[in-house]
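Two complexes are shown next, each including subunit A; its partner changes from subunit B in the first to subunit C in the second.
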Partner chain A sequence: MQKKRVNLSNLAKREERLAYKLLIPSLIILLLIAIYPLGQVFYSSMTNRQFASGQETEFIGFENYRRLLSVRVQKLEPLLDENTGEIIRDPETNEVLRERPIDVLPREPFRYREYRQFSLFGNRYVLGATDPNFIQAVINTINFSVVSVFLELVLGLGVALAVHNNFKGRGLMRTSMLIPWAVITVVSARMWEWMFASNRVGLFNTVLYAVGLGDGRMDFLSSGMSQMSAMIAVDVWKTTPFMALLLLAGLQTIPDELYEAAEIDGANKLRQFFSVTLPLLKPAMAVALIFRTLDALRVFDVFQVLLGQSRYSMASYNYYQLIGNRNMGMASAIGVIIFILIFVFALSYIKALGVDSDD
Partner chain B sequence: MSKKKLLLVLLLIMALVFAGLVGCGTDDDDPVDDPDENGTPIDDDDDTVDEPGEDVVITIAAGAVGQELELTEKAAQMYNERNEGVIVEVLDTPDLADDRLGLYLQFFEAQSAEVDIYQIDVIWPGDLAEHFIDLYDHGAGDVVGDHFPAIVENNEVDGALVAIPWFTDAGLLYYRTDLLEKYDLDPPETWEALENAASIIQEGERADGNSDFVGFVWQGNSYEGLTCNALEWIASNEGGEIIEPDGEITINNANAAEIIDMAAGWVGTISPNGVTGMAEEDARAIWQGGNAAFMRNWPYAYSLSEGDDSAVQGVFDVSALPAGKGSPAATLGGWQLGVSRYSNNPEIAADVALFMASEEVQKMRAIEGAFNPTIMSLYEDEEVLEAVPFFGSLYDVFINAVARPSTVSAPRYNEVSTAFFRAVHSVLTGDTNATDALEELELDLQDITGF
Partner chain C sequence: MTKKSKAKKVGFYLLLAFILLYLLFPFYWAVNSSLKTEAQLQMTPATFVPRDPVSGDISPSFQNYRVIFDNQQFVRGIWNSTVVAASTTTLALVAGSFAAFALGKLRFRGRKPALYIILAMTMFPQVTVLAGLYAVINALNLSARISMILAYMIFTLPFTTWVLTSFFKGLPSALMESAQVDGATPFQTFYRILLPLTAPAMVTTGLLAFIAAWNEYLFALTFTSIDPGARTVPVAIAYFSGAVARQEPFGEIMAAAIVVTVPIVLLVLFFQKRIVAGLTAGAVKG
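After this line comes the complex of A and B, so read on.
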């Protein structure tokens, strides 16, 4: 490359300049629609700006970030009997009684709230955070993304392999499998909400009750584990077709001759899959994974419609801070954190899967 | 140079998009105008003078739940007919209050003159006060005496009347008269009596073969509705009003903890587990299907429960909610009309708002849509009482309704309420107990409000 550059003719140099000029419009557009708003958000994340308010805005540096991200681990000492100095135990369970997190976590300059307790080497600790809701939202989102994208990849690959085969009605099959993906998420989330209903109005309760599981009053959307499983189920149902479509496109680029050659060499179907299909599908898979992961990290609609204020994703927490609390500065800071997180994910994907190298 | 062109192009696109939107807006409005649109050349009374220029357009952002939109448009038509030179248009807004607030905030952020009058929730005047004019400057002083004093007080911020009351709401207990008779029970007046009656009926009905039957449904999802429900429990158990009007945070007390723990005990017993995910309509669906003995809900469920498709038609009644240690309490709901500070014609807009909230319009809305008037005399009006009988018998409930602490905690009420309902919800789902949750909540509220 370097050598060639030296030998560039005048003509080539002129062409190069022209090329740069031609790029200017798209650079300007990029500047206007991406860099400028991003800069704006970054700036307002350093202020205490209120949304839709005449209140004076002040520059407060990184305070919003500190409020969102500060965490601290504090040891919970056992309570000692005032007279004997011995450790007090619960008379019923014989467990050691300890200090309460609310008493030991610092309250200045920001109050730390209990996020979670854990034991290590016989000691008990509390993990405090200034905004446990946000920490929980980040963890929810990452859990959601990892599990749902993994399931979508596995199922999507299965679907793609199935519809890649020649069979009667393949065209119809390929089109109809896209229906879940084509339905607007808010609409399909409502639909799922009805199916998850906590009495026998809901499909799941009806079916489970009919086969003898549960009492017909199972409640999927208001407690921890089942909430996340429900979110993942909705997302997998919705986006597996999209994953399948991307993988199908990848499958179609693999030439048939390779399979014929493998056949002649005596490779069975399984061997063909692992030695031919999978390696050649890697680029398509990488693209599909990046698409889906970045999408999943921004998940908003499913959480907002089905869980509202009872469990947040990063984006729905952002919405709550902006519209609910009108905390524009804080919401901007959340936006920046989401941006950085997604950026990190994208970079590590590109590195790990080697997408950028053309050869 | 290309930047200039680009800007031009961008402007052009925006202009096109904008024109498109405006076009759609007016198109939408046309067909709803009344049939006599072209009839009746306007004769009549009035002062808003007919300058030969353009008509003044006043836009009301109003709700569209059930009959709401239809009735608002009817009232707008009434005003149009009497006031030459003014056209009142109705902009319909999202059904969920949070979404509606989101839309309004965008208008306010842009200081838009597009909407002149906003229909606002009873908890918003404090938060949104800066965007509304003082209606006392526009003759509201003459009429506020007719409205419930508690609502007027709620709508006053620093001595200014930011919105005129339009219709009100209060939590009620719906109960099945046929089932109470069947099991020989009286309508419950305390929460214990309700617990008792609900479990007797639930047990009996399930034994009779309806395995979907539940005793008591209410709003236990993690949202504003839970704030309303929990405030009713607490206020009726002498546990205060979360934050008192003078700014004292009183939520961390034994009476409040006691009643919240009691409510947590309902989940999975007299109420289904799913009650912690229920909003108004979820509760109503179960109730109206005939699968609940008691329901806590707003008055709107009354006319729907009386409908022909309702399984409880004719076999239910409403009463004040039960009480704990104290006297019964109902959370104050309802909607107001505020005039935007950014309106081009605040004078006329204020006149429209006062007309909309006048006795004449409120009476029409009460009779045709069972919307609770905010004007006290209408609760004695024979025509109104004939259409909606319980307005008379529950008059006391409506005038004694407990306001949420929205004005005192403004502009951070939403954070206060969210902290509150999340704390209560965590007790209902069994993640913690009420004593601990309220201790933590007290500190949270201190952080949020600075009291």
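After this line comes the complex of A and C, so read on.
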């Protein structure tokens, strides 16, 4: 038996070379589909590039961003009678007549459109934006994320606590929790679309009418507030089980001894929840929260399927600019804005958890 | 005392029943609607089981299911989705297990930054590269199916690599050393000895990758916009229209929804322990 003499440093080098070789396929794929396109997006966001047009692409600096993000508040002065100098009022409603937003908002360098009017200290103002759709999309997305993630956390915690108990049929319960999660998002959107139908062929109108609420012809998917509520309802239904699973995993790491000790000390269930469960569940909750928030900020499927072009999320507006308008420059700028927003959240995630630095 | 605890128990089971109802009812409603004919769907108020419009007797119909399997768009969609999701899973597992072995068991310079990059990539927001990726695909003239398979690596590859890396790390190093003493090269050690041991983790990550790819809508919608023949299930269902031009055929849509959901649900129920473990380990998107 003759053992091969192995040069140690040679072996280490071979190991290193093998490691690089094994990493190459992943590296090439990620370079092609993530890193390079990301660079492309950053660059294109500074150009007026269009798809399928003969127009030459020019470098235009931050113009796309200015077009997307410019907002301006302008006071709407009352109209004065040319002869008397008095404020003109509507003869019927007695309301003060004011300048029209379209006359007040600047047209240069980009045309501002009315986003919304509001009153403050007796004056009337108009909030103008160069792209009210995008401003609305950002607000929609943030509202959607905050409300749905909050509801999912509360409901998910409730479900997790319930399922954490010992009872007959627990296995069945945990199994059925996975069903909403397993339904394709587009499919769940269409399932809810049908339940939201605008007359009593739909579930909600049938039930609400039967219990005496509404006229049986509520159109949930066409007006502002109820559109957002519908989006949130679909998302909460689909994602609460996921949240509950993450929290359940957290609950299972809390040792029973702690509850026993608390019991001996005379703490009741509520007290136990606040001084044992909640503090120890914090890490699991943080992970779940941040993951869900990152996910909610890029919401696309439900908005696109249920609302199309009547109300956008940031992602569905991005899609509309790219495919609907063939405006690659503008779509790229939207991509960059989403990226920055999500990047800030992701950094906080990495900071909160840290990479497993191992041995 | 016993009365109180009994009441508590009843309350608890009521709560469970309520949770169950909330989680399962929308799915039940879809099943219910899929078994109704067009006339039954238009009945007001809507009925909780398919009923005959005249007599009120329970009368489910499988008409919708027959129709959707004659719908070329839908049948093609299932085929496209299967091909795309299966290829995505395979590619992610092969490339991911290579990278994971290197990151989990080999020593090399730059290992830590590589780990950081992978972790950061698991949170990469796909939508931000949409425009850039679309441009790359147009420039390379890739077909829609290939584009989807490649694009889906954005969310499957980093996750697969991340989970498998921690799995490889957990395998005893003695295994590798003894194999090397026996004269095996590191790569032989990898695919002869370590890889079979990672089978459970492969099943978990593979399933999650498959489901994620089966679910994906944004890229699928974008890349198939010029090639309707390559539409996957989510796109087909979003664009679903009946054989005859009329208002949205919700009975058929619900039937299609059930057909594409049931296999995934069965898969999930069958592998539920693994899936839950995988989800909580990597906290992947749902």
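Brief remarks follow.
Simple rule for what comes next: the second predicted complex is superposed on the first by the 305 of 359 C-alpha atoms of A that agree within 3 Å, B and C clash if a C-alpha of one lies under 4 Å from a C-alpha of the other, contacts with A are read in each partner's own complex, and residues count from 1 in each chain.
Assume a residue touches a chain if its C-beta (ideal position, glycine included) is under 8 Å from a C-beta of that chain, and two chains touch if they have at least 3 such contacts.
The structure displayed is predicted, hence computed values, not measured ones.
In the superposition on chain A, A:26 contacts subunit C only, with no contact to subunit B.
When the shared chain is aligned, subunit B comes close enough to touch A:102, but subunit C does not. With both structures placed on the common chain, the touch criterion links A:218 to subunit B but leaves subunit C unconnected.
In the superposed pair of complexes, A:92 makes contact with neither subunit B nor subunit C.
When the shared chain is aligned, subunit B comes close enough to touch A:54, but subunit C does not. Legend: residue contacts after superposition of the two complexes on their common chain; A:82 is shown touching neither subunit B nor subunit C.
Applying the stated contact rule after C-alpha superposition, one finds that A:323 touches each of subunit B and subunit C.
Once the two complexes are overlaid on the shared chain, A:199 sits against subunit B and subunit C alike.
Once the two structures are overlaid, the count of subunit A residues touched is higher for C than for its counterpart among subunit B and subunit C. By the touch criterion stated above, A:38 is placed in contact with subunit C alone, subunit B being left untouched. In the three-chain superposition model, subunit A touches both subunit B and subunit C at residues 25, 29, 32, 51, 197, 199-201, 216, 323. For subunit B in complex with subunit A, the touching residues are 2-3, 6, 10, 98, 101-102, 104-106, 108-109, 127, 130-131, 211-212, 214, 221-223, 272-278, 282, 285-286, 291, 411-412, 414-415, 418, 421-422, 425, 429, 436, 439-440, 443-444, 447. Residues 4, 12, 14-16, 18-20, 22-23, 25-26, 29-30, 32-34, 36-41, 44, 51, 158-159, 162, 165, 167, 169, 173-188, 190-192, 194-195, 197, 199-203, 206, 209-210, 216, 237-242, 245-246, 249, 287-288, 291, 294-295, 297-298, 300-301, 304-305, 314-315, 318-319, 322-323, 328, 331-332, 335-336, 338-339, 342, 346, 349-350, 355-358 of subunit A touch subunit C in their complex. Listed in rising order, the residues of subunit A touching subunit B in the complex are 24-25, 28-29, 32, 50-54, 102, 107, 111, 113-114, 197-201, 216-219, 221-223, 308-310, 320, 323-326. Residue ranges on subunit C touching subunit A, taken from their complex, read 12-13, 15-16, 19-20, 22-24, 26-27, 29-30, 33, 41-46, 91, 94-96, 98-99, 101-103, 106-109, 111-112, 114-116, 119-121, 123-136, 138, 150-151, 153-154, 157-158, 161, 166, 169, 183, 186-187, 211, 214-215, 217-218, 221-222, 225, 233-235, 237-238, 240, 250, 253-254, 257, 260-261, 264-265, 267-269, 272, 275-276, 279-280, 283, 285-286.
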